[in-house]
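So, here's a batch of structures to check.
Note that chain A is present in both complexes that follow, paired respectively with chain B and with chain C.
Then we have the complex of A and B:
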């Protein structure tokens, strides 16, 4: 006769605690934010009428007029990404802890990068509009700073994850720091860096589309103008057009990035 | 050529990898260093070109202190010392030629090497190095496209391009199959004999040490416990003596076996 095996019951306390806490946080937030499901239901009709005015039909004759602000948006994203990415590369090298070992450099550098990355592009743009005035230049500056923070961060993490054996081999044959960088580190991270830059462009296209709200140029400015005048059929057209452009750019950029890494 | 004077190395985590090592290696020797993993073989090798700093004693290369060398002096020492590794450590995203040319970087001003400018005679050195290890036909391939044995031969060519006086090999065949192992060891031996390049190799397989070296040094728990000239040894005696190095009889996987 075999003894019956008994094991202690699993302890569920932690799991239940987590579920309760998360539920409390979500419900509490909804209450504080004034979220009300009945208000959503009650305004469904108003919302659908607005959608009807926007898209049934959108103002197709407006397309020629939005091509130029759309181009400006793309240009802003392109220049902003380019400038940010260029500055990001040397910064990432200095911020990586396996290339430069003194904490005095990479700790403060990382702090700055984190700050840049946390400030939304919209906030940066409103600051720059205050400094440089209305127009695309302020938008480009905002995008460049944001991109710089983003790409630096991703790239220095790639640098820290490289195969250190290749670095060791270059050191063993008498290479100095610059040569180690050129012959062991760059070949390993260049594909990833390029991929991050294209991803940055993807993000910036979307960001650039709304930067006009604070007067920083591009399609956002046209959008805001038409909303203010309640030209909803034109608003609908802008949204469709922007959506199409963003979609195409996302598809192309993910296709390129897939082949890179 | 190489001299260890009371050298010890304690890692920051407290591991005593080497304890008071005294060892002299002469020009032209092919020294095999054997011992269990963790015995301190890799540390010993890396102290010779200061990839690791010692914590006591001094290492000399050609009469110069490696331990005290810094900056330009250290680079000048390192460029005379070729090194190959268990993981090959060639740069996989570069061409074979760029890899071999990178063996020349310590001979030119940095601004030129950064731009990838190498004189024609360096290219000839690179081609000749590739020819020595019979892999010249892969000169324009990407390094990642080569097999393990081919990558290790590129690594040897890169070291040869340095025109070194000394070749360090850290478990050079540990990630290769038995047939390519013999090829790679043959190249190392040929370079040692024909060019007179002193060679120090960490080897896991004791029969490789027996077949290729002129001197066998055994390391155990951070100390040199065995040091014999190969020509003075008898095979049966050698294999029996290995218990001194390993603290137990040799196991099957430490012998590569006959082809």
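Then we have the complex of A and C:
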């Protein structure tokens, strides 16, 4: 004879409470921001007309005039990434808690890195425009600082995750700190560091394309100018052109990154 | 004692290739430096920096405690609201895109197309999306929500599809062998299995969207960006400083909370 097996019901109170809270948060913020899906739908006609003016057809004759701002955008991203990545490597070594064990060094360093990553590149750029004036230089500075924060953080996390056996092996042979750094830590993190740098370049090329909005050089400046004059067919061409360039760079660099790590 | 010699293997073809790579990279960087014109620091730079530091020492506290629509608390709350709504919209839309990009759901050929679509969405800058949506629904927070909602699909759908591709296919096959139809398989086998990962990625994207939402205001799509850029352009550094401080603190707190939840989830 078999007894009936009773499975105790899981307590649902906690789960329901979480679901309700999240639903409340989402609905509350939609209400607070004045988001109304019917209004959006109602405006679709207006939007499609505008998109038509942008892309049907875009002003192809404008391409030769936007090549040089696009090149400037790429140059900004290259230099910003390079400068940021160079400063990031020593900083990451200092900020990692397993190689240098002084707390007063890496705690404030991490705080600063965190602040740099939190301030959006656009805000940095507009600050630099106010200080250094209009132009690509301000944009490069903003990109460099943002990249520095990003790559330092990713790299010091990699340093903390290395195989520590190699470090101990070298130490037991009497190697000094520099040798440990050179032969045990660097070989382990360089592929990842390179990969993060390329990733930073991808992020920067997208950022550089819009930095011109605050006057920090690149194709964004051309875009803002044309939008202000309501040259929508030219705007459409700029969007398509920069999108194509960014997409190609993205595909190439993620292919490189896949081979690295 | 004998010296131990470790002979490094050298492949001439590989060495040449590496040299070529280095040359290309350094050539590119060199070319980049050539394009950045350094016009020198403006004469007003020193005084600007002084005024900026002064602003950080005496931030505009009246603005930070102004509870009306023109105050800082309202702008910050609006930024958070844009980030939450935008993330929610994109998480919902991302699921079908993720399924379309997952090899084990739709097969190899379709998934390649799906992946390309997702990459294209990811590449499209959110500020330009915001500009497009501003001309559709007018300036304000809804345009920002739509911009974030569409842009975030690029990342979320990619991460979702990676989660789906690495799941245990046994459950799905079991349901299929019992005659479950497509939607039963989807809602009873696929989604329950990957839902912790989906939630975790969504939270992560929310952290990113918090940062993004704070720049959307620059182009008029709501949130803290508009008062911030206005303060910087008019050089009211006390106000700019208080906005930047509050923004950094808010983003850091949200990062911490959401990071804790994510650790518990997966």
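Operating definition for what follows: the second predicted complex is superposed on the first by the 261 of 261 C-alpha atoms of A that agree within 3 Å, B and C clash if a C-alpha of one lies under 4 Å from a C-alpha of the other, contacts with A are read in each partner's own complex, and residues count from 1 in each chain.
As a working rule, a contact is a pair of C-beta atoms (placed from the backbone, for glycine too) under 8 Å apart; a residue touches a chain by one contact, two chains touch by 3 or more.
Model, not experiment: these values are computed from the prediction.
When the two structures are aligned on the shared chain, A:166 is found in touch with chain B, with no touch to chain C. Of the two partner chains placed around the shared chain by superposition, neither chain B nor chain C is touched by A:225.
In the superposed pair of complexes, A:55 makes contact with neither chain B nor chain C. After superposition on the shared chain, chain A has more residues touched by C, the comparison being chain B against chain C. Chain B meets chain A in the complex at residues 49, 51, 75-79, 81-83, 85, 87-94, 98, 102-103, 105-106, 110, 113-114, 155, 158-159, 162, 168. Residue ranges on chain C touching chain A, taken from their complex, read 28-29, 31-39, 41-42, 45, 48-49, 52, 77-78, 80-82, 84-85, 88, 119-120, 122-125, 127-128, 131-133, 135-138, 140-142, 144-146, 211-212, 214-215, 218-219, 222, 225, 228-229, 232-233, 235, 240, 244, 247-248, 251-252. Across the complex, chain A meets chain B through its residues 163, 165-166, 168-176, 178-179, 182-184, 187-188, 190-191.
Of all the residues in chain A, the ones that touch chain C in their complex are 25-26, 28-30, 32-36, 39-40, 43-44, 46-47, 50-51, 71-72, 74-79, 82, 114-115, 118-123, 126-127, 130-133, 135-137, 140, 206, 209-210, 213-214, 223, 227, 239, 242-243, 246-247, 250-251.
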